[in-house]
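Going by the order they are written in, the chains are A, B, C, D, E, F, G, H, I and J; count residues from 1 in each one.
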Amino acid sequence: MKKQGIFNSQISYFVASMGHKDMLSIVDMGYPIPKDATFVDLVFDKGIPNFIDTIKMVLYELEVEKVIIAGEMEVNNLKNYQKVIDIFSNIEIEKKSHEEFKDIAKNSKFFIRTGECTPFSNIILVSGVIF
Amino acid sequence: MKKQGIFNSQISYFVASMGHKDMLSIVDMGYPIPKDATFVDLVFDKGIPNFIDTIKMVLYELEVEKVIIAGEMEVNNLKNYQKVIDIFSNIEIEKKSHEEFKDIAKNSKFFIRTGECTPFSNIILVSGVIF
Amino acid sequence: MKKQGIFNSQISYFVASMGHKDMLSIVDMGYPIPKDATFVDLVFDKGIPNFIDTIKMVLYELEVEKVIIAGEMEVNNLKNYQKVIDIFSNIEIEKKSHEEFKDIAKNSKFFIRTGECTPFSNIILVSGVIF
Amino acid sequence: MKKQGIFNSQISYFVASMGHKDMLSIVDMGYPIPKDATFVDLVFDKGIPNFIDTIKMVLYELEVEKVIIAGEMEVNNLKNYQKVIDIFSNIEIEKKSHEEFKDIAKNSKFFIRTGECTPFSNIILVSGVIF
Amino acid sequence: MKKQGIFNSQISYFVASMGHKDMLSIVDMGYPIPKDATFVDLVFDKGIPNFIDTIKMVLYELEVEKVIIAGEMEVNNLKNYQKVIDIFSNIEIEKKSHEEFKDIAKNSKFFIRTGECTPFSNIILVSGVIF
Amino acid sequence: MKKQGIFNSQISYFVASMGHKDMLSIVDMGYPIPKDATFVDLVFDKGIPNFIDTIKMVLYELEVEKVIIAGEMEVNNLKNYQKVIDIFSNIEIEKKSHEEFKDIAKNSKFFIRTGECTPFSNIILVSGVIF
Amino acid sequence: MKKQGIFNSQISYFVASMGHKDMLSIVDMGYPIPKDATFVDLVFDKGIPNFIDTIKMVLYELEVEKVIIAGEMEVNNLKNYQKVIDIFSNIEIEKKSHEEFKDIAKNSKFFIRTGECTPFSNIILVSGVIF
Amino acid sequence: MKKQGIFNSQISYFVASMGHKDMLSIVDMGYPIPKDATFVDLVFDKGIPNFIDTIKMVLYELEVEKVIIAGEMEVNNLKNYQKVIDIFSNIEIEKKSHEEFKDIAKNSKFFIRTGECTPFSNIILVSGVIF
Amino acid sequence: MKKQGIFNSQISYFVASMGHKDMLSIVDMGYPIPKDATFVDLVFDKGIPNFIDTIKMVLYELEVEKVIIAGEMEVNNLKNYQKVIDIFSNIEIEKKSHEEFKDIAKNSKFFIRTGECTPFSNIILVSGVIF
Amino acid sequence: MKKQGIFNSQISYFVASMGHKDMLSIVDMGYPIPKDATFVDLVFDKGIPNFIDTIKMVLYELEVEKVIIAGEMEVNNLKNYQKVIDIFSNIEIEKKSHEEFKDIAKNSKFFIRTGECTPFSNIILVSGVIF
C-alpha cells in the first residue's frame, strides 16, 4: 500500500502528471463536466467528500501557484469562499464570472467531482513548479 | 443532477446492472483487487470513506440477500463486525476464511475500494431479487 | 438488483453523471441522433416505450430545471405537447424551431432513443441542481 | 427509418448475426448476466418490457428451432410457463434445472435483459435455420 | 437465423439506427469513402453486388423520403439512372454535381460499398419517417 | 482501385495474411460463427453470394492445399458436394462429421459468411504454400 | 498463402480499399508522416526497399490515374525522377513544391514508408477507376 | 507539479493501487517481462536507473512487508544482494530459484524495468498494509 | 531520423523490449503466425526481404544467445541452413521438429514475417543478455 | 536484449519513426505536456534523469538538424544553455519566447518528460535527414 499522501490511485496519477500551469479542476456535484474530459467521480454522498476537504487532500501532493474561482462564490457561498481565501492566502486568487470559469476549466487536464452541494464550489488549481 | 439515492455515476451503473446472485465487493484500502477486475477507487483519505458508511450508501439502492465476510473480522475487528451484524441482522451472513473470501470475491462483478484502514473490512454483497 | 428508481443500467449512469445545465435528450424513434453521440437505444417496438412514459421514467431520478422542445410539437402533436406542459408545469419550457432544437441537442451529454412514433416528440431535459 | 420488424438497432444486429444453433438468451431483470457477455439492457421499468412480449418481439425476425427453460418456471411461474408453451407449441422445449440453465446460457451469443420481475422468466432461444 | 428482410448483420444494424433525414450512401466500387466513415465493404466481385440490387435490398427495410444522386449519372449511366428513376418514382430525386454529391455524402451515417463498376453509380438515401 | 483479383478489402487482407496450414472457413448463412472469431459478413441476400462462387472468388488469390468438409454434404447437398469435388479435384478433400468440422473450424484465422442457404455448405480451406 | 500480386497483408488491404481519387503516398525513410496517419512501415534497411521498386510493387494491383510529386525531385534526384517519368509515361504527373506536396499528402488514405534514402523520393498515387 | 515522493506519474498510479500482498516487480534491463504484463520502461541507459536506487525510489511511497529474490543473487551479485539485505533488514526476504522467481513474478500487478545490468537484480516487493 | 542500426520503427521497439530468454521469431512468408501474436509484416515481394538478410538486420541490435530451428531445414533447405550455421557459429543452435518449433514459437514476444519463399526458413532468436 | 544505442523501448520506437523535420520535445519535469500528446514519462526523481543527459541519450540514435529553445533559458538557466550550445555547436539553434516555444512544441510527434528541475530546460529536436 501507499504509505502517505494522496491514497486515491487516479488522483495520484493526475497530480504526478501535472506540469507547470496545467490546470486541475475540483468541482461540486452539479458541475457540468465536459463530455470528453478526464475525470474521477469521487462522489460518496450529498456533501461527501466536500469541496474544501478535497482541495486540502489534493494539496498534500500538488504544488499550486494560482487558483481561479467564480466571483459568484464570494456572493453566494461566503463560507467556502472564506476557506478558499484562508487556504490560498499566500498565492494569487483570480476571480472570473461563472461562465468564464467554465470556459477556462474546459482546458483542465483533469477534473475531480466532489459531493459538494453548495453553489459555485468550483476551483481551478493552476499547478506551480517545484524549482 | 440525480435527485437521490447513489450519487456516484459508476456505482449507480454497477448497482443497476446487478442480477440475482451477482456479487459486489466492498473492500478496505489494502485489499488486493484482482488485476482484471472492474472497480471504482473511492478512496478519499485514510479511513475515508469508511467501510460501514460505504455499505450503507450502496444499500440505498442495492437489494442484498446474503453477505460473505471473513471470519477473521469477528476476531480482529469486532467493531466493524458488530456493525455488519446489525446492518444485516435479517439476512444470511456467511463466514469464510480470508483466503477463501478472496477466492470467492474474484468472481465479483464489481469492486468498490474504500478508505477503510481496519483489518478484514471486506464484504461481498450477494444481490437479492426484488420479485 | 436495484431496489427502485431507474432500473436501466446505462440510464442510471447517464443521470448520475449529469451536472447542472447538462442536457439529456429524449427523442422519438425517427430522430437523427448525431454520429458521435452517446446514446441508449431503448426502442422495444413501434410506440414502445413511448415519449411521455420515458420522460416520467427519467424524472424518477433526474432533477430538471428547464426543458427545450420544438415549437412544431404544439402544432403537430398537441396530445404529447399537452402532456409535456402538464409534466413540466412548474418549470421553464423553451420553444425552438425543430432545426434549432436539433442544433442545440448536438451538445447533449446523452440521448435516449424511444419507440415513440408521433411527430416532434423530442425534448431536451436541462439538468437542474439539487442544492 | 426501418419500416418493420425489430426496430431496436442492437437487437437487429444480434438477430441478423445468429447462425444455426446459436443461442440468444432473453432474461428477467434479476438474471446474473456473465461479466464478459454481449448484452442489451432493454429495461424500461419494473415489468417493462415483459418477458413474453420480448420473446414475441424477437420472434418477428428470429427463426427458432428449440428453446431451453428452467423447469422451475412451470412450478413457480405457471402464467409465463403457459405462454411459453403456447408460443412454442410447435417446437422442442427443453427443461433444465435453473443452475444447468445458467451454465448453458453462458455460451449465448447475446443476452437481452428485460424488465420482467417474475421468477425464472428466462429462456434460451436456439436459432433454427431457414433452409 | 433471421427469417426475412436484410440478412447482412451490419446493414441490419445500420438501417435500424437510421433516424429521419439520416443519410445512408450506397456507392460503386470506385467511390472514395472518407477515411473516418463507418462502412460495410460488400464487394464480392466486379459488378457484384450491383448498384441497383443493393438499393433494392436496403429498401426491404429502410424507409426513404428522398434520394440524392449526381446529375452526371443521367449523362454517363443512363441505364442505372433509368432504374433509379423507376425505383424512386414516387419520391423526390435531388440532383447535384458529383463534387457536391461527395461533399454532402461525407455526412452519411453509413456507407455501403458495392461491386458496381459503372460510372456515377452512387446514391444517398435520405431516411424517411414511418409516422 | 485494385485492378484485379479479390476486390473486397477485408478478404484481401485475410488472404494475404494466411500462412501455410492456416485455415479460412467459408460458411453458409446459418453457420454458428464463434463469438470471438474474425469474420466478414458478405451476406447480400438469401443465396447471394452463394457458397461455390465465394470459394471460386477466394481461390483467385488463395493457394489451397487441402479442404475439409462435413461428410453430410455429400448426403444432403449433392449439388454443392459435386461442385466442391470438381473445384478441388487435384487436392485432398478431408471429410469430417459436421460436429467435428465445427470443432476444427474454431481455429480458423478467418470466416467468410455467405448468403448460401443449402445445408452443410461449409468448407475449411487449408492454405497451401507457394514455394 | 496468396498466390500472386501484393503479398504484404496491410498493403493488400490498403489497395483494395482505395476508391477513385483516393490518395496513397509512398515516401522515403525521412518523410514526416502525419501523427494520425494510417501507415505501414516497410523499412528494412537504408535504401531497402527502394522508392521505385515500392511503386512498382504497389502497381501490381493499384490502378493509378495521376501522380503528384515534388518539383524538387527533378532538380535534386534526377535518377528517380527519370524512372518515375518512365513508369508513369502514360498518365498525368503533377508537380508541386515539396511544401505543397506535404500539404496535399496529409489527405492520403494511407502512407507506405520505404527505406529510400535519396531526396524528394515521395509520390502521391491518385487512384484511378477500373471502369 | 507533485511536491514530493514518487514523481513518475505511472509509478505513482502503480503504488497507490497496490493492495495488501499485491506484488510489484523491479527488474533488471534483461528481465523477460511477460507479454501481457503492465509495466513501465524506466530504462535511461545501461545501468541507469540502477536496481537499488529504483527500490529506494519506490520505497518513498510503497509499504512493503516482504520481498522475494532469486537465491542466485547472493552467489552471482553479492554487491546488490548485500544492499538488498541492508534495505530490507527489518522484513522477511524470501529466496527462490530464478526460475521459481519468474513464475511467481508473473502474478505481479506491475513491473518496473530498470537499466540495471548486473545479474539477478530482480525483486518482488510484496505490499504490506498501513493499518 | 534514426542514424544507424535497425531503421524499422516497430522492429526497433520489439528489439528494445526484449529481455533475457525472450523469443523473437523470424519466419518465411508461409509461416502460420498465431492469431493473437504481435507481428510486423515486412513482406515486400516473393523472396524480399529474404530470411538471412532479415536475421542479419535484426542482429544489428539484438543480442542472441541461442537459436532454435526446425531440423527439416538442414534436409530441405541446405543453403539457408548453411548460412544460419555460419551466422550463429559461436552460439547454441537447437534443432526441433517443425511441429515442435511451431509449438515453442507460440510463446514468442514478436514475429517478423519476411518474404522468404524457401521451406523451413524459420528461426527463433532467443535473446541473450548484455551483462 | 538490445546491444547498444537507446535502450528504452518507447524512445527506440519514437526515434525510429521520426521523419525529416518531425519534432521530438525533451522537457523538464514541470513542462505542461498537451493532453493528447504521445509521451514517455522518464522521471525517476527530482533532477534524474537530467535534461542534458537525456538530450545526449536521444542523440545516440536521432539525427538532428535544428533545435528550438526558449530564449529565457539563456537568461535564467545559463548552465544548461551553455551545454546546449556546446552539444549543438554545429547546427542551427533557434530561440523563441517560452510561450511561442510551447505553441510550436504542440506539434511534436513525441515528448520525453525528464526529471530536470531547472527553469526553461525544454528543447525541440527537429529531426534531420541521413541522406
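One rule holds in what follows: contacts are C-beta pairs under 8 Å (C-beta built on N, C-alpha and C of every residue); 3 or more make two chains touch, one makes a residue touch a chain.
Here's who's who by UniProt: A, B, C, D, E, F, G, H, I, J = D-ribose pyranase.
Please read these numbers as outputs of a predicted model, since none were measured by experiment.
Note that among the pairs I-J, H-I or A-H, H-I reproduces the C-E interface, with over half of its contact pairs the same by residue number.
Superposition of subunit F on subunit I using C-alpha atoms only gives a rotation of 70 degrees, nearest 5.
When the interfaces C-D and D-E are ranked by how many C-beta pairs touch across them, D-E comes first.
Averaging Cα atoms per chain gives one point for each, and the point farthest from that of subunit C is the centre of I. Inter-chain spacing, taken between the CA centroids of subunit A and subunit J, is 31 Å. For this pair, subunit H with subunit J, the centres built from the Cα atoms lie 29 Å apart. Subunit H has its Cα centroid 48 Å from the Cα centroid of subunit G.
Multi-chain contact residues of subunit J, defined as those touching 2 or more other chains: 1, 7-10, 17-20, 29-30, 41, 46, 127, 129-130. Pairwise, the chains that make contact are A-B, A-C, A-H, A-J, B-C, B-D, B-H, C-D, C-E, D-E, D-F, E-F, E-G, F-G, F-I, G-I, G-J, H-I, H-J, I-J. Residue ranges on subunit E touching subunit C, taken from their complex, read 17-22, 38, 109, 127, 129-131. Here subunit B touches subunit H in the complex through residues 27-33, 35, 41, 46, 117-119, going by the rule given at the top.
Those residues of subunit F that touch subunit G in the complex are listed here as 1-10, 12-13, 15-20, 61-63, 127-130.
Subunit F makes touch with subunit E in their complex at residues 1, 7-10, 29-30, 40-46, 48-49, 53-54, 57, 115.
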